[in-house]
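Alright, structures below, take your time with them.
What follows is chain A paired twice: with chain B in the first complex and chain C in the second.
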Partner chain A sequence: MNPYVLTILLSSLGLGTTMTFASSHWLLAWMGLEINTLAIIPLMTQQHHPRAVEAATKYFLTQATAAAMILFAAATNAWMMGEWDINNLSHPMASSMMMAALALKIGLAPMHFWLPEVLQGLDLPTGLILSTWQKLAPLALIIQVAHTINPTMLTLLGLLSALVGGWGGLNQTQIRKILGYSSIAHMGWMIIISQYAPHLTLLTLTMYLFMTSAAFLSLKMTSTTNIMTMTTMWSKAPMLASTMALTLLSLGGLPPLTGFMPKWLILQEMAKQQLPLTATIMAMAALLSLYFYLRLCYAMTLTISPNTTNATMPWRTYTTQSTITLALFTTTALGLLPMTPAIMTLLT
Partner chain B sequence: MTYLVSLLLIALIIGLVAVASNPAPYFAALGLVVAAGVGCGVLIGHGGSFLSLVLFLIYLGGMLVVFAYSAALAAEPFPESWGDRSVAGYVLIYLLGVSLVVGLFWEDWYEGSWVVVDDLKEFSMLRGDVGGVAVMYSSGGGLLIISAWVLLLTLFVVLELTRGLGRGALRAV
Partner chain C sequence: MALSRTTFKTLFGIPRVIYRQPLSFPSTSPSSCILSTRGAYERDYRRPGQAPDTRWPWQKIRFDFSKGVEGIRKHFGLLKDEFVNRWTGPEGKPLINHMLEQTQVQWEFRGPESLNQWIVSSDQEIGGHSAAYIKTGRNNTTCFLYGMLCSTPPRDGETRYSGYCTMRSKQPLGSFDRKKHYDWSNFNTLHMRIRGDGRPWMVNISAETYFSHQRDDIYSYFLYTRGGPYWQDVKIPFSKFFLSSRGRIQDDQHALWLDKVNSIGFTLGDKADGPFQLEIDFIALCNDHAHTEEFAYELYKRNPEV
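Let's turn to the complex of A and B:
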């Protein structure tokens, strides 16, 4: 793409999220979300084949619907209560509609159907932006309105998302779809704790960003998009295959990796809030996700799939891609668990 | 005045039914023109003259004209009008639904004012629509700059998407 256009699009992506973060008025927050939607559409269609255009169309339609619903809910609240402030969404219909709209924005179940298909149609860097950067602004709004929303709705959204994220990812062979369902499940964990301890929502979001970035960047380094290609990754980049396996297990929430931190703290907070049943269901749902992460690790590192003999000894030349971000994110995705107390003091 | 606004509201509902019954885009655009035009009339009847003017200029005169040109690019040899079988079925059902809702929610209505009046910095007052535009050029200057940036961004997004001949996403044009 023309570098000037690319600069305008990327800086508009930054502008949109910044505006939503900095706003206290619903109209400004909505503007930021729309700027993000607009700016990422040409990035999605950079590869000019019909699958990418289909993904961009689906993304645009769902995000535009969600933005229109956000505007509708904000206008309803302004009409009924005279209040445009983000923290004061007091009318019950407006707050429920707003939560449904924001759930559609980030792909929570039962409004998740677009996310795996859109992710599948994109190349890996754009999928990374979609899974990480585009989630920041709606989650900032969710954290701000969580205290006004019907608690049953939040709990249902969280539980359903964790379950759908687990069950939906079980039959997938394409890794982008698996990462889409992983995103749905992690969003579910983030939502369910937002009414009790919003700082844990922030923590989960941060850890999810690190882990997903590590996963996407590792995939980008070796250009693997399905399980079949993943089985031959070990001979081309053995170190990366091992760290990728650990990154996947971190996404699954296994100690002593970083992914255990948010799940542990969320389960502890739910136990403190006298919600043992919810906590148990969430933990069981995480097991479902863990199954398909383990299957990926199995295919990648624990077995060597049938192949010709030469495939075990390819030339391993230096990569031309920049590796610093991958190294940074992999380090954070694997090693942050001992720093839990420090991170908690930063967030509370 | 009451009769005028009633007439405009009836025309609005008919225009909405005309759009929703799914004819060819030519005729749907005509329905939109009618609906937007009489909607502006209803706004004027409630005191929102500035907004009505801006709606006419920008929505009807800008966006709908562009839409009409785009629909003309995707023209069909035999467009479905409201008299054709598939569309007429939808028209009848929607009119039936409208009359049902009218029967359920029939009430009197009063002529209120649409305009919001707000206070600006403790001692002055501004009318919602015209004053708001003026404020956007004075203390709301940051939002003006951001709006201009967003319009420029939209231009580049559309240009990037509709680039043709192998350099863009739509290859045939």
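Let's turn to the complex of A and C:
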């Protein structure tokens, strides 16, 4: 892409999210979300492939619908209550509609159907932006309005997302779809705790960003998009295969990796809030997700396919891709658990 | 539209000539079902070589309970399989298959029922004079496509060229006639065993599309046959397939994505009148690790803006 155009699009992406972060008026927040949607559409359609165009179309339709619902909910609240302030979303219908719209924005179940298909149609860098950066602005709004939303709705959204994210990802062979379902599950975890401890939502979001970025960048380094290609990754980039396996286990929430931190703290908070059944269901749903992550690790590192070359290792040439961001995100995705007290101090 | 003309005698012995259009009403052949949601062309497809169905519409009605029961049993059985197959693994195959498979035979012509997955058509649909038929080959182990090509254009004032025949696979359907797709992303080569007649055929693959403008998008490549008595193994990498829409090769080319493939077909249109035949043993997919080409044709901008 023309570097000037790319600069404009990336800076528009940054501008949109920053506007939403900095806004206290619903109109400005909505404007930031719309700027984000419009800025990412040309990035999605860079390759002139019909599947990319299909993904961009589906993404645009869902996000535009969600943005329209956000505006409608904000306008309803302004009409009924006279308040445009984000923190004062007090009308029950407006707050429920707003939550549904924001759920559609980030792909929470039951408004998740677009996410795996859209991710499948994109190339890996754009998929990374979609899974990480595009979640920031809607989640910032959710954290701000969580105290006004019907608690049952938040709990149901969270539980359903964790379950759907686990079950949906079980029988996939395309890794982008698997990461899409992983995104749905993680969003579920974030939502369910937002009514009790919003700082944990922020923590989960941050850890999720690190882990997903590490996963996507590892896949981009090896141009891997399905399980079969993953089985031969070990001979081409053995260190990357091992760190990728650990990143996937971190996404699954296994100690002593970073992904355990948010799940542990969320379950602890839910136990403190006298919600043992909800906590149990969330933990069981996490097992479903863990199964498909483990399956990927099994395919990647615990098996050796007989269908590679005769030599033990192919000749590994230096890559021309930049590796600094991959190294950074992999380190954060794997090694932040001992810093839990420091991170909690930062966030509370 | 083809009309059939039957004469019959009325009660008073006066012969009458009636023109009937055989495809206007839904047929009640055993393959169609009360729960079918497919279009009229797919439901009432008549393979060339079969006699036309000249029954009156009221004779085609099969209104009985067992037909409904067999439809329900078939579709709910397919639905149950879809749920149960998830226990085995993705697409009903264990994960080890997805990790290790190098070859997969997709169509293997063993027995006359394997021909039911294929649709044969020729330019007779537009008024031409070619004919194409399909049957099983020797010992019911191959598919034999044969016929006569005639490039005389139909005299309708607008068609200038004619003379083609094609054989295309039906799109796989799940329960309740929902469209399914083939996932060939583990493979990169098409492998066929054929015995042709020396004519140049074209292999067409159609993938799943989203917009109605892409309805006729087909990825094609040539299939040159030898014609000898010996079988010919043809391996075509998927990176060689080029995009055409309604038969016109597109300027903006892209690679075929293999995760949602709908059907494969063979077309003959080499402007040589006369008989033709193509015998197919199997159509398979394989993964050639030595083939690393992603796309054979140019992808870069041809007229970059300054």
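Here is the rule we use: the second predicted complex is superposed on the first by the 344 of 348 C-alpha atoms of A that agree within 3 Å, B and C clash if a C-alpha of one lies under 4 Å from a C-alpha of the other, contacts with A are read in each partner's own complex, and residues count from 1 in each chain.
The rule is short, and it goes like this: a contact is a pair of C-beta atoms (placed from the backbone, for glycine too) under 8 Å apart; a residue touches a chain by one contact, two chains touch by 3 or more.
Since we're looking at a predicted model, the values are computed, not measured.
Visitor: Looking only at chain A, is it chain B or chain C that touches more of its residues?
Guide: Partner touching more chain A residues in the overlay: C.
Visitor: According to the stated criteria, A:120 is in contact with first (chain B), second (chain C), both, or neither; which is it?
Guide: Once the two structures are laid over each other on A, A:120 reaches chain C alone.
Visitor: Just checking: does A:19 make contact with chain B only, chain C only, both, or neither of them? Give me first, second, both or neither.
Guide: first
Visitor: Look at A:45 in the shared chain and tell me whether it touches chain B only, chain C only, both, or neither; answer first, second, both or neither.
Guide: In the superposed model, A:45 contacts chain B only, not chain C.
Visitor: Would you check which partner chain A:186 touches, where first means chain B only, second means chain C only, and both and neither mean what they say?
Guide: In the superposition, A:186 contacts neither chain B nor chain C.
Visitor: Is A:305 in contact with chain B, with chain C, with both, or with neither (first, second, both, neither)?
Guide: Once the two structures are laid over each other on A, A:305 reaches chain C alone.
Visitor: In the superposed arrangement, which partner chain does A:53 touch: chain B (first), chain C (second), both, or neither?
Guide: A:53 contacts both chain B and chain C.
Visitor: For A:231, is the partner it touches chain B (first), chain C (second), both, or none of the two (neither)?
Guide: second
Visitor: Which partner does A:176 reach: the first (chain B), the second (chain C), both, or neither?
Guide: In the superposition, A:176 contacts neither chain B nor chain C.
Visitor: Between chain B (first) and chain C (second), which, if any, makes contact with A:295: first, second, both or neither?
Guide: It touches chain C, and chain B stays clear.
Visitor: Counting contacts the way the document defines them, which residues of chain A are shared by the two interfaces, the one with chain B and the one with chain C?
Guide: On chain A, the overlap between the chain B and chain C contacts is residues 48, 53.
Visitor: Which stretch or stretches of chain C touch chain A in the complex?
Guide: Per the touch definition, chain C meets chain A at residues 86, 89-91, 95, 98-102, 183, 185-186, 209-211, 214, 217, 252, 254-255, 257, 259, 287, 289, 305.
Visitor: Enumerate the contact residues on chain A facing chain C in the complex.
Guide: 2, 47-51, 53-54, 57, 120, 170-174, 225-228, 231, 295, 299, 303, 305-309
Visitor: Touching residues of chain B toward chain A in the complex: what are they?
Guide: For this pair, the touching residues of chain B are 143, 146, 149-150, 152-154, 156-157, 160-161, 166-171.
Visitor: Which chain A residues qualify as touching chain B in the complex?
Guide: These residues of chain A touch chain B: 1, 5, 8-9, 12, 15, 19, 28, 31, 34-35, 38-39, 41-42, 45, 48, 52-53, 56.
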